[in-house]
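Contents: one structure, followed by commentary.
For reference, chains read A, B, C, D, E and F in written order, and residue numbers begin at 1 within each chain.
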Amino acid sequence: MSSLLVNAGSLPNIPWEDRPQTSNPEKEIMWRYSKNPVIPRNLTIHSNSIFNSAVVPFKDGFAGVFRCDDTSRRMNIHAGKSKDGISWSIADKPIEFIKTDPDLPDSEYKYDPRVVFVEDRWYVIWCNGYHGPSLGLGYTFDFEQFYQMENPMMVYNRNGALFPRKIGSNYAMLSRPSDAGHTQFGDIFYSESPDLIYWGKHRHVMAPRSSESAWQSTKIGAGPCPIETAEGWLLFYHGVLTSCNGFVYSFGGALLDLEKPWKVLARSRPYIINPRELYELAGDVPNVTFPCAALTDKDTNRIAVYYGCADTVTGLVFGKADEIIDWIKKNKL
Amino acid sequence: MSSLLVNAGSLPNIPWEDRPQTSNPEKEIMWRYSKNPVIPRNLTIHSNSIFNSAVVPFKDGFAGVFRCDDTSRRMNIHAGKSKDGISWSIADKPIEFIKTDPDLPDSEYKYDPRVVFVEDRWYVIWCNGYHGPSLGLGYTFDFEQFYQMENPMMVYNRNGALFPRKIGSNYAMLSRPSDAGHTQFGDIFYSESPDLIYWGKHRHVMAPRSSESAWQSTKIGAGPCPIETAEGWLLFYHGVLTSCNGFVYSFGGALLDLEKPWKVLARSRPYIINPRELYELAGDVPNVTFPCAALTDKDTNRIAVYYGCADTVTGLVFGKADEIIDWIKKNKL
Amino acid sequence: MSSLLVNAGSLPNIPWEDRPQTSNPEKEIMWRYSKNPVIPRNLTIHSNSIFNSAVVPFKDGFAGVFRCDDTSRRMNIHAGKSKDGISWSIADKPIEFIKTDPDLPDSEYKYDPRVVFVEDRWYVIWCNGYHGPSLGLGYTFDFEQFYQMENPMMVYNRNGALFPRKIGSNYAMLSRPSDAGHTQFGDIFYSESPDLIYWGKHRHVMAPRSSESAWQSTKIGAGPCPIETAEGWLLFYHGVLTSCNGFVYSFGGALLDLEKPWKVLARSRPYIINPRELYELAGDVPNVTFPCAALTDKDTNRIAVYYGCADTVTGLVFGKADEIIDWIKKNKL
Amino acid sequence: MSSLLVNAGSLPNIPWEDRPQTSNPEKEIMWRYSKNPVIPRNLTIHSNSIFNSAVVPFKDGFAGVFRCDDTSRRMNIHAGKSKDGISWSIADKPIEFIKTDPDLPDSEYKYDPRVVFVEDRWYVIWCNGYHGPSLGLGYTFDFEQFYQMENPMMVYNRNGALFPRKIGSNYAMLSRPSDAGHTQFGDIFYSESPDLIYWGKHRHVMAPRSSESAWQSTKIGAGPCPIETAEGWLLFYHGVLTSCNGFVYSFGGALLDLEKPWKVLARSRPYIINPRELYELAGDVPNVTFPCAALTDKDTNRIAVYYGCADTVTGLVFGKADEIIDWIKKNKL
Amino acid sequence: MSSLLVNAGSLPNIPWEDRPQTSNPEKEIMWRYSKNPVIPRNLTIHSNSIFNSAVVPFKDGFAGVFRCDDTSRRMNIHAGKSKDGISWSIADKPIEFIKTDPDLPDSEYKYDPRVVFVEDRWYVIWCNGYHGPSLGLGYTFDFEQFYQMENPMMVYNRNGALFPRKIGSNYAMLSRPSDAGHTQFGDIFYSESPDLIYWGKHRHVMAPRSSESAWQSTKIGAGPCPIETAEGWLLFYHGVLTSCNGFVYSFGGALLDLEKPWKVLARSRPYIINPRELYELAGDVPNVTFPCAALTDKDTNRIAVYYGCADTVTGLVFGKADEIIDWIKKNKL
Amino acid sequence: MSSLLVNAGSLPNIPWEDRPQTSNPEKEIMWRYSKNPVIPRNLTIHSNSIFNSAVVPFKDGFAGVFRCDDTSRRMNIHAGKSKDGISWSIADKPIEFIKTDPDLPDSEYKYDPRVVFVEDRWYVIWCNGYHGPSLGLGYTFDFEQFYQMENPMMVYNRNGALFPRKIGSNYAMLSRPSDAGHTQFGDIFYSESPDLIYWGKHRHVMAPRSSESAWQSTKIGAGPCPIETAEGWLLFYHGVLTSCNGFVYSFGGALLDLEKPWKVLARSRPYIINPRELYELAGDVPNVTFPCAALTDKDTNRIAVYYGCADTVTGLVFGKADEIIDWIKKNKL
């Protein structure tokens, strides 16, 4: 089998379960981990909930940055490590970033991190409180010391996802301009930067859709950082439907042009995962499945996606890159 | 026992369970099927959810029209058949209506069907997307081929329920004028038509009530098509309460005058069913019990009501016509 | 000069002033009466305001139905007569309609009338309070006695305008489905009836437009009853823009297909009249110009439009049918 | 062990379970009763739900006033008695108050009672419908006959909690000024009265907090009547967070100055209890934990708090006064 | 002519103009001062606007307390004096109240004062900022030194109006419970106090009305302090209608029972004054006429009402007590 | 007199009138042009309104970029020229920008321009429609040909104002992040760019204030491009108050640090100009005074500010730089 996963490495120890017998690939292109939630809400001493979290391969195991709301319902991000991607040890204290410039403004809060390796280090990007929701950007070499850089975008913005390599000669990012509250709208935009400090060339990527794909009719946002494949950038992204009882967060997939990622090659009309298990339906925010990280193994095309469940715990779903890409193309809007 | 169910037929194979020992008739006048939900969310290959559905006796078994949202969260209606009213076979594809007039506008979406036999055929009435929520109307002789007629009412309207016979020399319908969103108001109106194309003589039937019957304080709408009884038209109808966390859909019952159905003879102050089982409390829309169909057996006064649960699955409740009518009269507003 | 005004009569005494020298036809296709407001707010003993009113030729002068809010701010419609269309005598008491059927529901309030002659009588159509805003319909032969018929449409509806002749074998009407409050949306629909009682064959005519014609971006509604011309039905219609300080009502013009009036042949991108005189900018509702009646003279192509100003007084504007139609075609969306 | 519970009595039969082995006091300062919900929703013949209820020691057992919504979703309060505080007998009919003055206005509805002994009798205070939500006040000597007094505050007000003794020479109360709907704001105020009829000297006590303690960021309100301790008045109070899917009700604790109770000595940044069990997450209103009563035993420092769960059932949590007070001081805002 | 004005004094120098010839008493029961606005917006050095102000007879002339918003749009109240009630000298600086108790909380802002003489002094009552809009209360003997007392009611409240004598043995006040913003509702309530500090015995007086008197359909509030007449307390009160462009403030009149002022004897269906002059239609808040003070002369039954115009300037209208009372009774709801 | 206007040129022909005798400098630090509005709404053939416009010295006269909404209420910007700054000739057609890069996205609409000379050319910055309100940037050398560059910021943003020189080695801009509608919030931010394409180093400058300066309590935004003075950058900025009838736009002044312009040295508590003339109070949007351009003459310290009036016409006010700066410092928040 030739791999679709361009520039990806081998990851033989990727967390994995085979598709269960009862699962019909036409009905569900990805399937849930049988022991979900993989991370419980009270893993650390002060945690109210652990969800919307970023996981990457690290050394011979895994590392991650986790959204841990504490029992004051303060939002922050914590570092963690794991041998197998299933059993995690997460720091009791939030990450204390070292400022790369003493004039950098402080964060009022941090949430919803993504992590991606670019060139020589791991970049962390998150929603950063700075006179409203903004994007925060930092990096680490070792998941011990983290460095904070300039906020890459104007407020109000959320759901930033950095690409794992430059596009042309520029760094590239997806993000969603937003407002200061429970935003009722949201498109995905693409931006570039020569230096990760100054950003421009903003291009519109995707807008919500209406009744022909209602799970993504209110707003959409990038999930894990885009995954390079022979068929284009594979993007898992969340979509929101507004019911009479509030927001429902599902997620689907899209393929973006490799060199002009603001061009959408295909985008799934159906969702891939929607809230239907009890730990996704009931919790601090009912009816949320929100992906923030994906592991891949180029040798087997395996993909494991970590996603927040009901803003309370973390779940895990599995799939095969080739099957997912075929499915997106066959089910595109 | 003389039957209250006028013009109804015998239905010895009506789905049925006797009232359980633990059920107190003064506390609950109808009781749930012990194996609820009777129809699971994923019965068809593309279904996200199956609920708010219409079931009728057909030949020696049952047929129905089902609201099946697919995994793109598109709303549509599908035909189905069953031997026993419990085990259903539902078509993977939505009903493709044959237009009775080529100039008929297309539907943008369809949901919440009711089905009723009038004169020589089964009429289907549903919420039909046409520049906003409108009513759609069609018919079938065999649940194989379906024909679509003119939309019977102006946008914006929902919850249309046709009467099983003419009132005077006109067809008759209940419906709820509405707006284009998650409507915050809603009364039940009655209308007539000589030909099912042109409609008029609109009469107000019932308005929501306030704190003296708060489960129906925000809006109300007809459930199954009205059931003719010696005491008047028996109408199951849903009512909505607005909590700080959204809408709660319960349902109660009313009796309408046989010849002037816009006159309300009695209307239940308490609800009959409200969301309290887990499959009613958690799902795509928490806290919804929404009746769309009723089977009756004139020989035993048995009634079986199919209702949508949490906008996700379909439930079944049982009761006796005589007991329900007595209870409505005793508990009337 | 051959007339464009099909089926219209001669009206040599149409109220009229020639275009003033300072008026540039490219800039303003219609011009205001120099003594506006033509009807003051306090003409009758109890009136708070007189506006949004219907005027027609009658015998050797003019008659009309006027919206007169009283000093309790109750909304009702009053009959009036005039020799010259300028000086009006309006009844102190509202019209008391004789019901054509004793079962007709009462009106809770009446406002925004239109009047049109069809076949043998003058029809009056207005917004009629019946469990929310509905359409009311009646007729008169003499502007002394008025008869009320069935409400022609379901609640919630406003801005009904009857066509002056049948389309095919049916009566025809424009209206705007609505909700129960200060509606934030509104499209114009077309409906037919064989008998003015039962209505159906509803067709969508026009929707609001967005930034390319922002004066009509929130909602639109028919003004005077459509005027038959050789080029199609000439429709003056109001459009609403939502500023940060509320609604602004302007009006423009459209041409509808003579036999299929739901087909729009042309529709003006610019407005014809917008609020800019002090009596249009300040009053009970600032920034409203709302047309409800048009007089025409086939011999001269003259048109005189009566329109409500700031929901307080009545204004008058003049134009030439041929110029207006040319302008609509040249400035169409 | 010297008791912190000033003026409290011995209550050896206080409902109690020891902290379970699996409970970490640093993680949760109070722990749930293992057989929660202690009072089910359908205990009385007409009850839809029993929650937000007041319990006190009475004779050799316990008495209480309970919010019982009936199956018409009418809100009212019922008297009840219990030997052990676990098994309750609640009256089928609501309390019928005897008016102390025949001119007293009637209640439109009653909900969310608190009960406290002051001087010579038990006072009941509740949310009383009187042209909107107001406070109601009454008393009983025997939980058989109840007397209603003047409403102690202007509408709109909720969550009144009387102090168990006078402050200086005046009666004292906490309450939360409110509006007429699902209020989006709410601070706790303190007021005094010489005679329980006329009230004044209103003082601001606490406001909601923002992201540093987000569980109490929308509004807050007093829970059980304040408990006198050597360290100040111990107040359990609820706080509300607004998620994109509605309100979440948690509760924490505060210490108020003994003589100037509007001065806050300490206030917990973390919540003590938040919705996380299924009976707290799903029900008539998901995600509600709402305390209304506390029992104390001065000999053991034991505290048992009754709280409403999902506006549907009643739960019970346990803790030790000394531990709770230490924890509030250590975790104060 | 026997006077209707009970307990009122002679005021031969009351500002006055006779009804103009063009004014029809059936059309307008009160008439405007020909030189309105009587007080311009920029009378003091820092004033942005002067409106909603209280005027009383004082010594051989007049004194008053005036709402003067400054050019920072801060709201405060200033003392002023006048020989004739027309030409005013108003202090550049706001009133600095001397606290009668050092623990009294500070005011965040003050607006909309009323002034009334009770027993031995002039009481001032206003809207007082204290964690939201509250009522403020103070007194003066000389309009030089002012003393501030306890806030008489809980937040949120506005439009307090003290009665000029005790009712029974208690002081009495009208007020309007409110919320913290541009309140969308509002009824008038009555309350009593033995000492002006502690308040109770709250009674509902009047609610808004709907379409039968739409000028008072959103909310209502007391205007000047009630005027004692042989026919009952004469109350001028404002009413608000919500148009699509915001609030419209008009005012009407009511008669309250002399000994039980919460009983309404008559209440005018039409307004007395509504915004129709340019200085009432355009200004900081368009379409506001808001009365706060009334002068009376018992010898002539003359009444002069001062009212805020467009929240910008102060106007004056005149009428005769006997005519106004007759008109209210003849035009009552 | 030594000039405060650093880097400014002589402008002896600046439009000017001396302060009128009746104007008190303590009351109003700037005064209106006696012939306001200086630009009428209908100056061009298709204009509905001309306001919020940018004016600069050009050759021996003046040039400008004007917001001209046309009679379709489309928003666009037009070039214009004038000998004296009073009498203007404005192009009938909007500016057609030449794209500096063919991949530049199109503008959906343009409004609210500012113009400033930096280094070698005139830069134009405006609100540019690109999937919502964004900033647009372009330049011209001659006001004949205009070139469009990359949008300098992410959507959603408005009120961009470029500094007339680099700060350090970077270009600098003020702007206001926003949302997609009639935004209810808005702070001023500062950003830098090395090349006018990539932007970063975003810094918060000023937030709205509450009741201590209520004219700027809802949102604020930069007016004309900042003016360099010996005392700091002089910034005229608009502020918005939300009344019950919508937004009120006034403007005040601030001084920003010359080298770190995100540091506010002083900011006026009172407004400088607020809506009070009829052409400011009535028009397409009542109650708006919105400055976009300032001319300065270093020899006389004269400043002339052009401002939009009621979103309909353009006004002109005059003042002296030294007096204004003194006044800001004396009246600072």
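A few notes on this one:
Simple rule for what comes next: a residue touches a chain if its C-beta (ideal position, glycine included) is under 8 Å from a C-beta of that chain, and two chains touch if they have at least 3 such contacts.
Owing to the predicted nature of the structure, the values given are computational and were not obtained by experimental measurement.
The minimum number of touch steps linking chain A to chain F comes to 1. Number of steps on the shortest path from chain B to chain F, with steps defined by chain touch: 2. Interface residue usage between chain E and chain F, two copies of one sequence, is largely distinct: under half of the residue numbers at the contact are used by both copies.
Rounded to whole angstrom units, the spacing between the C-alpha centres of chain D and chain E is 40.
Here the spacing of chain A and chain E, counted between their Cα centres, is 60 Å. Residue positions 245-246, 278, 282, 286-287 of chain E each touch two or more of the other chains.
Contacts between chains form some other arrangement here, matching none of path, ring, star or all-to-all. The full set of touching chain pairs reads A-B, A-D, A-F, B-C, B-D, C-E, C-F, D-E, E-F. Put simply, chain D touches chain B in their complex at residues 41-42, 45-46, 48, 70-75, 108-109, 129, 182, 245-247, 278, 282-287, 311.
By the touch rule above, chain B contacts chain D in their complex via residues 24, 26-27, 211-215, 217, 241-246, 248, 250, 269-271, 274-276, 278, 281-282, 286-287. For chain A in complex with chain F, the residues that touch the partner chain are 105, 130-132, 150-157, 175, 177, 179-180, 185, 187, 189, 191, 193-194, 197-204, 207.
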